[in-house]
Every structure is written in structure tokens, then in C-alpha cells.
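What follows is a set of structures for review.
Consider the two complexes below, in which chain A is the common component and chain B and chain C are the respective partners.
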Partner chain A sequence: MSGSGFLGNIVIVGCGRLGSSLANRLSQAGSRVVIIDRSRSSFSLLEPGFSGFRVTGDAAERNVLVEASIQEADCLIAATEKDTLNLMVAQVARHVFSVPKVLARVYDPKRETVFLDAGIEIVSPTRLMVDTFLAAVRARQESA
Partner chain B sequence: MRVLLVGTGRILYYLARQFSRKKILVTIVTPYATEARELSRRTASSVLEGDGTDPRVLEEAGAYQADALLSLMPNDEDNLVVCQIANRVYRVPRTIALVNDPENEEIFHQLNVSVAISATRILSILLEEQAGFEEISRIVSLAEGTVSVSEVILREDGPAAGSTIESLELPAEALIGGIIRKGTVLIPKGGTRLEAEDRLILVATEASLEPALRILTGEPAA
Partner chain C sequence: MSPSRYRSFLLRRYRSFAGYLGVLLCIIGLITLCPAGLVLLYPAEMGIGHRFLWPGLLLASTGWLLWKCFRPSPDTVLSIAEGSIIVVFAWCSAILAGAVPFRLSGMDWTRALFEATSGWTTTGLSVVDIEKASPLILFHRSLMQLAGGAGLAVLMLSSMAGPPGVGLSAAEGREEQLVPHVRHSARMVLTLYGLYAFLGTAALKIAGMEWFDAVNHAFSAISTGGFSTHTESIAFWDSPGIEAVLIVLMMLGSINFLTAYTLSRGYGQPVMRNGEIRTATVVLGVSMLVLFFGVTGLAYHDTSRGIRTAVFQAVAALSTTGFAIVDFPAWNALGWLVIITLMLIGGGAGSTAGGIKQHRLYLLFRLLRRQVMVALLPRYSVSEESVWVGKHRLFLGEHDLWRPTAYIGLYLLGWLAGGCALAALGLPLADSLFEFASALGTVGLSTGLTSAASPEGQLWIQIAGMILGRLEFFVLFWGLAKFLRDLPALVGL
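After this line comes the complex of A and B, so read on.
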């Protein structure tokens, strides 16, 4: 969806490098973004042009998700540094609040398989990098 | 019976000690090396140092053979994922999670954790009961907290002493299940006249508890 506008309500959990980049891009593209982080200082990663909302709190708390208007969300992205937190928030979004589209970052591929049928989409940075590196290695072998 | 304990803190030691007295085989998974050493020195349990949210660690700890798993980590998200992995991958029949935030109790049930125990909630119920009206004590909650059984002691100057049960017009979903009078148990009927110092066993739904208590004691519930 890069470039083109995704007009909708998006909740992003975790304002680290990944969460803040997504928030900046989606906000620019015209989405209504709410970003949640435990520490207020993380919001400094947001660009001045970010027009969304910031919620300080622990996304494992139901109230914090409600404060971030999860009931109106079209999409939730769980992008904290912690696999278990992402998995919990994603499942709560999907099964308790019926958010239509839910994505979670999960670093450890061993955990990924357990949650493939949980109605959430899992993005594994480890797997993506492995695939990218292998493709690059193969391309080099083929050209040699 | 084989039980897996996942977590940190002294509670692991006390549980392991309690279980081994009951001849339950315990395996402990704990993330810190010092704690793991201490536990394996002080208990008869097998102890594994590792991250219980990692499926391979649970497998190594014998999750396939476990009859139950207790997850006692300080973060709710860890307890949830440990229980879900144990149940989905290793088919552990009974998974029990400590819930730190009482509002997550319901969520854990929805996400298929067999039992979610909130220490915060248990303690706050105990505190409210101690601080509240002494003539009312909640004995037990049933059906996920929607129905409760309480003991109500009638005071001499209360509104119900001297009345028959049918004249009280209790809410439809509140029932006096028994009367304890001077150490004997009476089966209540509509015409039974209540006396001061009677101990009533009151079964009521959440919605009808407060109106019933007001009729019996004149005071709203704490």
C-alpha cells in the first residue's frame, strides 16, 4: 500500500523504529492513525507532519486499547519489540474487539507456527530477511 | 500426574514443595540461572533454565507428557502465550494462568486458557468483604461470577426479623436456600418466619443480590 492512500482507522502498538515508520507513512497517506507506546519519549520518533493521535500506556490493558479507539479500528498492527505482547494484543483485537484486519510482528519463527490459525496475519522479520538473503545469494550464483 | 510450572519468584518453590508432598511430578521452567540453580538445590523437581514462551523449551521440559501447566510470570502476555502454546502444540489438557490485570481474566477465557486466576481480584474481594458489612459475607461465586452464595445474619433491628419469607417479596432471582438457627438447619418455606440472629444462605444473581440484601438487612451491599 506504499504511496497510495489507505483511508481508514489504524491502531499501531509500539512506537519503535518499525511502529513509528509505519505511523509516519500511513498518516501521510491519509489514514487516521492512533499509536500506543508505554513510554512517552518514544513518540519523538514521529515526524512533525504526523497528524495522528498518541496514547501512552500498556497495550496489554484493555482500557488502553479502548482509549485508542480500537472499537472503530479497521486495522491493528502490533509492532512492539516483544513477541508475546504482539501476539496477545493481536488476538484481543481480533477476537474481543473484532478488528477486521490484524497484523503482528513475531521475531521468533518457532512461535509463528502456533498462531497461524488464530485469525491474525503474522509478519516475521527473521523469515523476511532469510528469504531476502537467500534470494540475493542465488541471484549471484546464477549470474556467476 | 505431571505438572509443568513456568515462571519466577518464591511461589514456584512453595508450589513445587506442596506438589511433591502430594506425589505430583513437577518440572519447573524459569528464565534466570541463579533461580534455576536455587530451585534445583531446594526441591525434588526437575528444573530447566529457559524462556517458557519458546515452544522448544516447553517441549524439552516434557510438555507432551504434562497433565497440567501453570504459568506464573509477572506479565500477562507471557502467561497467555505460554498457556496457548502448551495447549495448541503439546495438547496439555489443563492450562492455568496467573492474571495480573483482573480485567484480562475474561479475555484469557475467551482465548482458551482453562483457568485464569487473578490474585488482584481475589485480594480486593477479600478486602471489600472485611471492610464491608459484617452481617453479609460472600461465600462463593458460581457460573463465572454471575451467581453468588452469601451468608446473611439478621439483626434484631433489621427489617426482615419477624417477617415471613413470602411477605418479603424478594427478587425472583434471589433464593433463601437455608436458615441456620441456633445451630440447626431449617428448610425455608414461604410461611417460615425469620428471627433475629438467623443465618440465611442466600443464592442470588448479580443483579438481584443488592435488592435482596437491602430487603434482608436494610443496607445496600458493600
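After this line comes the complex of A and C, so read on.
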């Protein structure tokens, strides 16, 4: 894994399974990654090859985002378990700190429009799964 | 895991170590080669150029072969123990290769190895007759210090390769990064270091040195090494301007690169809160006052000279550079005591300096203060110590506070053991303790005990001290312990 990494400063909020995997891959590919999580023990999901910074704190607080150098960030990924927290962090990043690219994970399809209206790009695991299931079902119908 | 599978796993790991070691050897070989290029400027020295060519070429080609044969896959990640093995082997090879030019110039192996160790570890104790040495040899000494100070080879590897750099940089004493990627961080340290050396050379030239001396002294000041091109060291010039420039360079060399970077980005406040900066300020202030009122003010009737020597020697000792503008035997016991203490404390972590390191001393102070304060707090109160690193505030667990204490204990024991070993060889006790503090802290100040005429036993004890001090004990222990533990399985026992 080398070469085509996103070369820039990336802030990732939430060091769960999604956040840590993203952080590991991006850091190994050469990006400058800062990852934020509320509990220090979450950082154990990061691999030894991760060479970014770890910030412990609640990303809903402005100071924590500042400590993660959000002013210099080219991209922020809100990847916590909570849609509401993701929305809040993403909005702060987009409108207070003017981060050029802001992505968020949204579980609940009903909330998607809120994010889109705020100018935030979204990835919806629910929608992705629905699409995949439907595609699988259709493929079965066609072959039958 | 069955023994045979474990063995094949180990072999695969060690193949990738050999690959990375190959890159390091290649870089070290090229560094050893460099002084030979100086024959272009000094055609009269043509006859000794080959003394650098052979060891350099041999090491570089060995490294290149290792890299070609065992090229590791790019996502191999090294742990700190594995990084330590590579670092220890690289250091041994560097010292051996660095010793060859001295050996070919007519020194015996012990003295050649001593000089090379003193160079790579940025100590600055010397057994070379400087006045008679060729400019190529002098440049070789300074270049070793420049390269050894920042762990140049490891830094260059980290700046090229990504992931393996984490374990390697940590093993080389550079676990704090300037920016959130090991490769970018290593590149920045390289740039900063190069900038220091370049500006230092220019400043020394302006202050009145010849170009050759300026280059050599900038290299050995910024790496906190302390080799000089004159037997009298800095006293040769007797110039306040040159001393002032050197003081700045030594300070820069002994400040954590992260702190310097934070300051250069304009974050003043976190730097003022930095424990190392505070420790250095207090320690330097107090020791300069004690030196002036207790030693130099009495020894020299000229007050300005008293102040100059007090300030310069305090900085030279604390930054573990070891330039000298005085003869220490002429100083009283108080002066020796202050200098020994400064040499033991040493510079900042993540800098080019040696010694116990200021951040450990600061943490010890915080731990002691905490022990007192905890007794005064309510029984169920929760509190956490924090320190400022770079522009971030870091909270410390109990473990983080106790670990430096263990290191300080080990360091002082090691110092005592080495000092006693020197005394056991029949040297005066005070001189022995001074000289071993100087070796272990990679300082290079001497009471005159270390010279070409020193007995072999003394030199070997000092070699051991310099290596232990530079690799901060544990890297050597980790590297050797891991290697010796894996060795039986590797050879198939």
C-alpha cells in the first residue's frame, strides 16, 4: 500500500472500528492524520504503523478540535457511532473552521437531508447495505 | 506455533531487518566516504584520501547488497525492540567504519575505536594529536558528530520509508514527532538540522573564524559534539563573539526539535510552559551564578572574563557539547561539582544532547511535588499531572511519572560504577568521576585525564560509557536481549 494516498492533513473523529481502520490506512499511505476519541483506550485499535497524532477529548468541544489542528485540516471525517454528534462536529468543521472537505457517517436515512443541507458529504452504511441487498435480490430474480 | 513455523517466521522478520540495516549501512558508508572529497580542496592530502574511500565503499556496497537481497515489503512494521536491533547493529558498523581512517593514519585499534565512538556518540573526548592531523581527519571527526548527533542515517531512512520508521525512530530516541506523519516529521527535522548547521557556519565565519574552522565548529556545536580543530579548543580564539555564536548553537542543539519547531511556528506560550525550557532556565541560571561567585570570579581578577567563562562553560556542560575555554585542573572543587552535575543532567529529550535529559529531571520534580501535595488533598480527590509537549498538553499516568525515576536511578548507578572502575585502575577519584560523567553524558569535557597516553583499560571503559549514554541504556538492552533470545531459534537449535 503506497503512492496514491490523500496527501494532506486529515482529522478523524471517533476511533472505533471505522475511524481506526481509516486512520491506519491513511497514515500508512502517507497522510498526516490526527485522530480524536473520548477514551484513550480506543487508540489500542490503531496499528503500530500508524504514525499520526492522538487527541483525547470530546470532539463536541471547540478546544479539542483546535488541539487537533483543525485550522490546518484539509479534510474532516466524522466517524463516531452517533449521527447527532457527527452532525454537530461536521457542522462546526464546515462552518466555523471552513474545512474544505467534510465527510460524515450517517446511520439513519431520515437524517441524511439535514447533513446534505449543511453542505456535508455523507456515507450511509444503511443505504449502502440496502443497495447491496437489493442488488443481490435482483441478481437472483434475473438468474431465476 | 510449532518450532519450525516459528523459525520461518523469525527468519522472515530478520530478513527484513537485514534489508533496513542495509539502507542504514549504505548511508553511513556514504558519510564515511565524504571526507575523501575534500582532496579537491586540499590537493596536498591526495595520499590519504584512500583511507576514507575503502571503509566507505566497503560499508556502502555491503549495505547495498543487503538491501538488494532482503528488500522488505513496504508495509513491514517494526516494533521498538526490533528497531533497537537494527539501530545497535548500525551503530557498531558506523563506529568500526569510522575507526578505519584513524587506524590507517597510524593509531592502534583501541585509540582509533575510541576516537570513532567519541565522534559518532557526539562526545568529543579525543586522543588524536590535532595539531599534526590532516584536515581530512579533522573534517571526518566533525562529520561523524554531525551525523551521529541527529541519528542522521535513521532520520534519512524514516524520511524515505514510512511505516517502519516508527519503531526505528523510537529506538533512536525520537518518538515525539513534529507533524502527524513519521516521514514528514523526519524530513522537517532534517531541514531544521541542516539549517542550523548552515547558519551556524555563516555566523562563525562572520564572528572571525576561517571557513574550515567555521564548518567544523558549526558541525560539532550543533550536534553538541565538541570536537575542535585546535588543541586549546575554543580558547584558541579568545573571542567573545565566537563564544556567543557557539553558545547559541549549543543551545539550539540541546533544545528538543519539537520545541524549536513549535517556537518557530509562533506558539510562544506552550514553549514557556514547557518543562524542559523551565528546567534548563533554572539549572543554567543557578549554575552560572554559582560558577561566577564560587569559582571564576575568584580565579580570574578580570570580572568580564569571569562572567564569560562561567556562562560558556555552564552552557557547554549542560548542552553536553564539551567545548572548553579553561583548564579544569585550575578550578576549585565547587567548580568541578557544578560541571559534573550539569553534565549528568544534560540537554533536552529529542535533541542531539546526552545526559539524563531535562524532561526526566522535570518529571522527577513533579513526582516529588505530587507526593507532597497528595497528602494535603481530600481523600477521594482525583487529580492528574500534565506537561506541555510541543503545543499540546499531555496528561500523565502514574506510570509515566515513575519511569523517569527508574532511568535516573540506573543512570546514576551506571555513572558510579564507571567512575569507580576508572578509579580502580589507579586514577584519582575526582578525575575518574568527572571523566566518566563526561563520557556517559557524551559531553567531552576533560580534566586532562583522556589523552593519547591514556591506558587501554581506561579508554575501553569510556567507550562503553559513551555507547550506553548515547543509546540511553535501554535501546542497547532491548536490541541485545531480543537478538540473543532469537539467536538459538534462528540458527536452528
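In the analysis below, the second predicted complex is superposed on the first by the 141 of 144 C-alpha atoms of A that agree within 3 Å, B and C clash if a C-alpha of one lies under 4 Å from a C-alpha of the other, contacts with A are read in each partner's own complex, and residues count from 1 in each chain.
Basically, contacts are C-beta pairs under 8 Å (C-beta built on N, C-alpha and C of every residue); 3 or more make two chains touch, one makes a residue touch a chain.
Just so we're clear, the structure is a prediction, and the values are computed from it rather than from any experiment.
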Clash-or-fit label for the pair chain B, chain C on chain A: fit
Which superposed partner A:141 touches (first chain B, second chain C, both, neither): neither
Which superposed partner A:61 touches (first chain B, second chain C, both, neither): first
Partner chain in contact with A:48 - chain B first, chain C second, else both or neither: second
Touching partner for A:108 - first (chain B), second (chain C), both, neither: first
Touching partner for A:83 - first (chain B), second (chain C), both, neither: first
Chain B versus chain C as contact partner of A:39, first or second or both or neither: neither
Three-chain overlay, vertex chain A: chain B-chain C angle, C-alpha, nearest 10 degrees: 100
Nearest Cα pair across chain B and chain C, whole Å: 19
Intersection of the chain A residues that touch chain B with those that touch chain C: none
Chain A - residues contacting chain B, complex: 60-63, 82-85, 87-89, 91-92, 95-96, 108, 110-111, 114-115
Residues on chain A engaged by chain C in the complex (per definition of touch): 1-2, 9, 27-28, 30-34, 47-53, 55-56, 67
List of chain B residues in touch with chain A within their complex: 53-56, 75-78, 80-81, 84-85, 88-89, 101, 103-104, 107, 110-111
Complex interface listing, chain C residues touching chain A: 74-75, 77-79, 162-163, 165-167, 177, 179-185, 392-393, 395
